[in-house]
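Consider the two complexes below, in which chain A is the common component and chain B and chain C are the respective partners.
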Partner chain A sequence: MTVARRFFTQEWSALAVAIAIGLATLSALSPAFLTEYNLYVVLRSFCVVLVVAFAQMLTLAVGQLNLAVGALGGLVAIAVGGMMEKLGLPTGVAVFVGLAIGVAGGVLNGLLTVRTGINGFIVTLATASVFTGINLGVTESIPFYNLPPDFVAFGVKRFFAVPYLLIPPVIAALLLALFLARTVPGRYLLAVGGNPHAAELSGIPRDRIVVLAHALSGLLSAVGAILAEAQLGSAQPTIGADWLVISFAAPIIGGAALTGGHVSVAATALAVVLVVLIQNGMVLAKVDPYWVQFLLGALILSAVGLNRFRAIRIERA
Partner chain B sequence: MDLAIEAVGKHFPGVVALDDVSFEIRPGEIHALMGENGAGKSTLIKIITGLYQPDGGRLLIDNKESRFASPRDAIGAGVSAVHQERNLIPRFSVGENIMLENLPTRRRLVDYEAVHAQARRFLDLIDPSIDTRAEVRRLSVAQMQIVEIAKALSLEAGVLLLDEPTASITDHEAQALFAVLRHLRSEGKAIVFVSHKLEEVIALSDRVTVLRDGKVAAAGEPIARMSRSRIVSAMIGREERTAEIGARNAVGGVPALEVSGLTTSLGHREVSFTLRQGEILGLYGLVGSGRTELARALMGDARILAGEIRLRGEPIFVTDTPTAIRRYRMGYVSEDRKSEGLILADSIRANIAITVWRSIASGLGLLTRRAEERVAEPLARRLDIRTPSLDQQVGKLSGGNQQKVSIAKWLAAGVDILIIDEPTVGIDIKTKAAIHELIAEITRGGVSVLLISSDMPEMITLADRILIMRDFVLVGEIENERRYETMSRRIMGFIHGEIDMVDAKGQAEANHG
Partner chain C sequence: MIASVDMGSSFRLKAWLAEQSNAIGLAGIVLLFWIVFASLAPGFISPFNLFAMSRTLAIDTVIGFSTMVVLATGGMNLAIGAIGVCSVMFAGYLMQVLSLPGPVALAGGLALGSLLGWINGFAIVRTGVNSFIITLASASLFNGGMLILTKAVIFNGLPPTIAEFGRMRWDVVSPLLLVALLIGSALIVLFRLTALGREILAAGANARAAELSGVPVGRAIVIAHTLSGLLAASAGLMLLSRLGAAMPSVGQDWLLPSFLAPVLGGALLSGGSVSVVGAMIGALLVTTIRSGLLILQVGNFWLQLFLGVMLLLAVLLDRYRAVYAERRSLGRRI
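Moving on, here comes the complex of A and B:
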């Protein structure tokens, strides 16, 4: 097999080509694109989206879904903000408790799904509403603006074009890739997604693995929320409200199987890069931002169609 | 390890799968478990492996009472199994599938070198040619079966249960498997072996237990004391069951559907038969032999690679199911009426009329209740569907009445040819007789029926002729003499490969002459 052919059998090959074309086009059309500051802006806008996409990717991997990613994120954001502003807790403590709330929310989703046997779609649809309700009830929609300066600084600081904010998502991506490829719980997670019945017959504690996937998804939602808070410099109750579509779009564009058992960290990350590049390109080209939504939909459809086509081609070959 | 179950029962809604069954496996023996389709073998295995919970009775391990709440418990106690269904993770490698219960790790990470090396050891026992790094979904069915066996061996369990392990592998691989099993026996392992192949059972096992209709028909008899005919007798039962359905017209002999040399994308090879007008043609075979798939192919749900189908002498090309139904007036009553045959949440009226919605809709394309009733009412009466109202939800009917509705919808469509797949699974004896009467009745109106069934008495009661399918090939065709004992022996002969096609044809012709 030639190098080129091997490249094109990779799931992320189409994404990589699209990104290369996008980068070339943007830098050719707009001299502003390759400036250090614009690159910093672009990289900074990856951060939250990346972890949110990973949060959904994990539930997809086990054959579930999590409609509460954004709602749980919003709850964590205002909890962390409140702890820092109203209770005056140190940043580290507030962040730790925020992550714990994320895990607890995920465990709740998982346990409800596993114990009641109710479809995860319904369960997370309901808990999403519950989380949002608590969020708005506590804050009465008023953001927390007085966050500790070191926390806010973390959201703006950069090393040349690389924002500090990008460090947690990159670490998360590396750990996730290792987790899914090389650890026993990670393999079990994909096994349960790939064939739940077979996994159970192999002695894998299926229910515990489903709860684990939801718990990690909750944890990543919380990470996303805290990053968003640092990026904005304030704890907005609306954090997470617009996460849902992109959380599904990125793993799916990255070739995740909706039936479970197959996800790719690299392809999901590349999908995020592609979507954000397109958004950035549209801003540079002064396109009405409402059309970004339209383009995202078109992108999901074409990516899924392309993957299906590729799968059929490989089957036949 | 000594494992025994005592007086175990298992009920499913409408069926008694196991009734007061006791079964004992001793260390150092190969114990064959036999029985016809639906006799309860797989249910028994699923209870021993913790997949099903028994309704009553006890499970003893080394004479201590225990309970397997899940397969995990059973594996923990040293019981491993190869089930009849495929149980592999399609996207994982062969090696990882084999070692899944027990992935070797180094510094908390999965050690893939060790995974493949260890999997290799177990795989080599049966087939060294399979690559442990290949993805399971790219393997052939036989290779997957071998991976399943290697996976069960990898647990090095005290009790090993194999549910039809040789159904899809070659003789060569089966011999390798038997050598491994004999070796395990010499190490003191207890092995339960389910097979329909009598030769294998006699050659391999020490004792045999036979199940029939969920009861024990032979309990752990030493194989030396069981002849093959005694095993078959235990499987089919002694009592002569007589065919009792109303008189039927002599079959006219005009061919309604002629299939010749049919080879399909589903795996059928050179299938040829003729269904005559007003006839009930039986299609018998074990689960997985390709019967339901043949029905799907005839209904346009598979690619025809070679061969011809003729309807009343005219060649036809069934491109898809709507064409089969509308243009060629063929219908298929699914074996799975709950998920494929009926819309459970909808009314009897709608379920019967669904096949003719297009033709009964008003000029504006609207469906009225009256129009549906005009179709459904006479059929409900003719088929004796017991219901207070045609508005009754189909999901709330008994299994027998549901089956009547799924047949009624095809009569509404006015089919000439009806393929009926396992019509009485999960239906009680009394209603079963009513369904049988109904099937005989519709043929009197000129409908030709292709009857698929694993239920031997049903086949012998209903069919005029019986085709026998094995591994997607028709291996036999016999006139039904309606004598239970002789017919079932002949059918079993074909299933177990003792009689070949030429013999049977000769015999059938001799019977005619």
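Moving on, here comes the complex of A and C:
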């Protein structure tokens, strides 16, 4: 098999081609695109979205949904902000407790889903409302502005065009790829998503794996929230409010099956790159920002249509 | 002879009670909340608050219906808010910019809602992709399209009759509530008495079995989504008359109430079973709690928490009732 043919058998090849075309067009049309500062801006807006997409990808892997990704993120963001501003806790402690809250929220989602047998959609719709309710009830929609300078600096600092903020998402992506491809719980996770019944008959503790997926999803939502907080320089109660669509868009554009068992870290990451490039291109072209929402919807639909088309062709072949 | 007839009717009564147990239990909970709120805050049953509640209830009920008809097919529609706002802005545009008469503009809004719902249904049936993803994407598409076309500008120069209808009072109830009740009655007729309604339910209960029995499952799903779009547009236009202006922010907070009312009312997410009366009482519970907390000045901020906890408790309770009923019927069979 030639290199080219091997490339095109990868399911992310269409995405890679789209990104290459996008990069070429943007750099040809806009001289501002390839400036160091603009690349820094692009990479910076990439960070939070990537982690949020991974958070949803993990629940999709076991055939579940998590509507509470954004709500849990918002709760973690204000908890971390409150601990730093009101309680004066050191940054490390606040971040650690924030991550723990994320895991706890995820475990709650997972346990409720597994123990009651209620559809994960309804469970996470309800817990999302609960998390948002606590967030708004505690903060009354007032952000925490006085965050420690070292924390805020982390969100701004860069090495040439590479923001420091990019380090946690890249580590998360590598660990996640390793987890899903090489570890026993990771393989179990995909097995449960692929066929829960077969997985259970093969002796995989199905319920524990579903809870694990939700817990990791919660952890990643918390990481996303803390990154967003560093990026904004303040703990806004609205962090996470607009994560829902993009969290599903990236894994699905990346070819994840909604029925579970099939996800790809690389393709999800490429889908996020594509979305961020489109957003940046629109900013550079000074297009109405409302177009972003419209195009995101169109992108999801065309990705879904393309996957369907590919499946039909494979069936026929 | 007489005894057996008696036994028959009492059995029928029991069966009816068992079927309605969810609605009756829910009505009891609503009553309990009314007693608590009325005794804590006398303002709760003041004529003004009752009127305000009847308006909110009317809109929440229709929003709930809009999700309910799709739940009947075992699907969901996340685009309800987006369809609602598109219809509202379209009707506002027809009235203010093209200065068409009110009824024509409202009909235009309803037609657009149905069309957008039909697009959802068509895309779902044609691609065979989960309705969750299709409507998540189409919500983004519709909402984005609406914002691009309107530039998020409010239409507030509407004919005064629109706002007058929203303010109209029949003693303590708004005529909007009558609209909601009429829609509810039409849905009861649809699901109880018409072949189409039975087909939609059959498609939701077991799509394969329905297909094999000659039910056009694809058509039923498309019609259910079209109807859902029509109902979302109706809710939007009711809200339009309440607000007296076409606002691009309509529909953003519809997701939770749209699921609360039918799910509290006992609709199955897996499809095939819905309760119109249950959804109405579910909407009444949501409206009661929202208004009560507002009157008690707990604040809008904690409301989300209460609604979320309520949804969880309702589905938990329903789950245990189902398990209990299953055990009892198993015992009887043995």
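Note that the second predicted complex is superposed on the first by the 313 of 317 C-alpha atoms of A that agree within 3 Å, B and C clash if a C-alpha of one lies under 4 Å from a C-alpha of the other, contacts with A are read in each partner's own complex, and residues count from 1 in each chain.
Here is the rule we go by: contacts are C-beta pairs under 8 Å (C-beta built on N, C-alpha and C of every residue); 3 or more make two chains touch, one makes a residue touch a chain.
This one's a predicted model, so the numbers in the text were calculated from it and none came from an experiment.
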Contacts of A:222 with chain B and chain C, given as first, second, both or neither: neither
First (chain B), second (chain C), both or neither touched by A:261: first
Which superposed partner A:300 touches (first chain B, second chain C, both, neither): second
Contacts of A:121 with chain B and chain C, given as first, second, both or neither: second
Chain touching more of chain A, residue-wise (chain B, chain C): C
First, second, both or neither for A:275, with chain B first and chain C second: neither
Chain B versus chain C as contact partner of A:130, first or second or both or neither: second
Partner chain in contact with A:187 - chain B first, chain C second, else both or neither: first
Residue ranges of chain C in contact with chain A within the complex: 76, 123, 127-130, 132-134, 136-145, 147-148, 151-152, 255-256, 259, 263, 269-270, 299-309, 311-312, 315-316, 319
In the complex, chain B residues that touch chain A: 49, 51, 70-72, 75-76, 81, 83, 85-92, 96, 100-101, 103, 105, 108-110, 151
Touching residues (chain side chain A, partner chain C) in the complex: 65, 112, 116-119, 121-123, 125-134, 136-137, 140-141, 244-245, 248-249, 252, 258, 288, 290-298, 300-301, 304-305, 308
Chain A residues within the chain B interface of the complex: 178, 181-184, 187, 190-191, 194-195, 197-205, 261-262
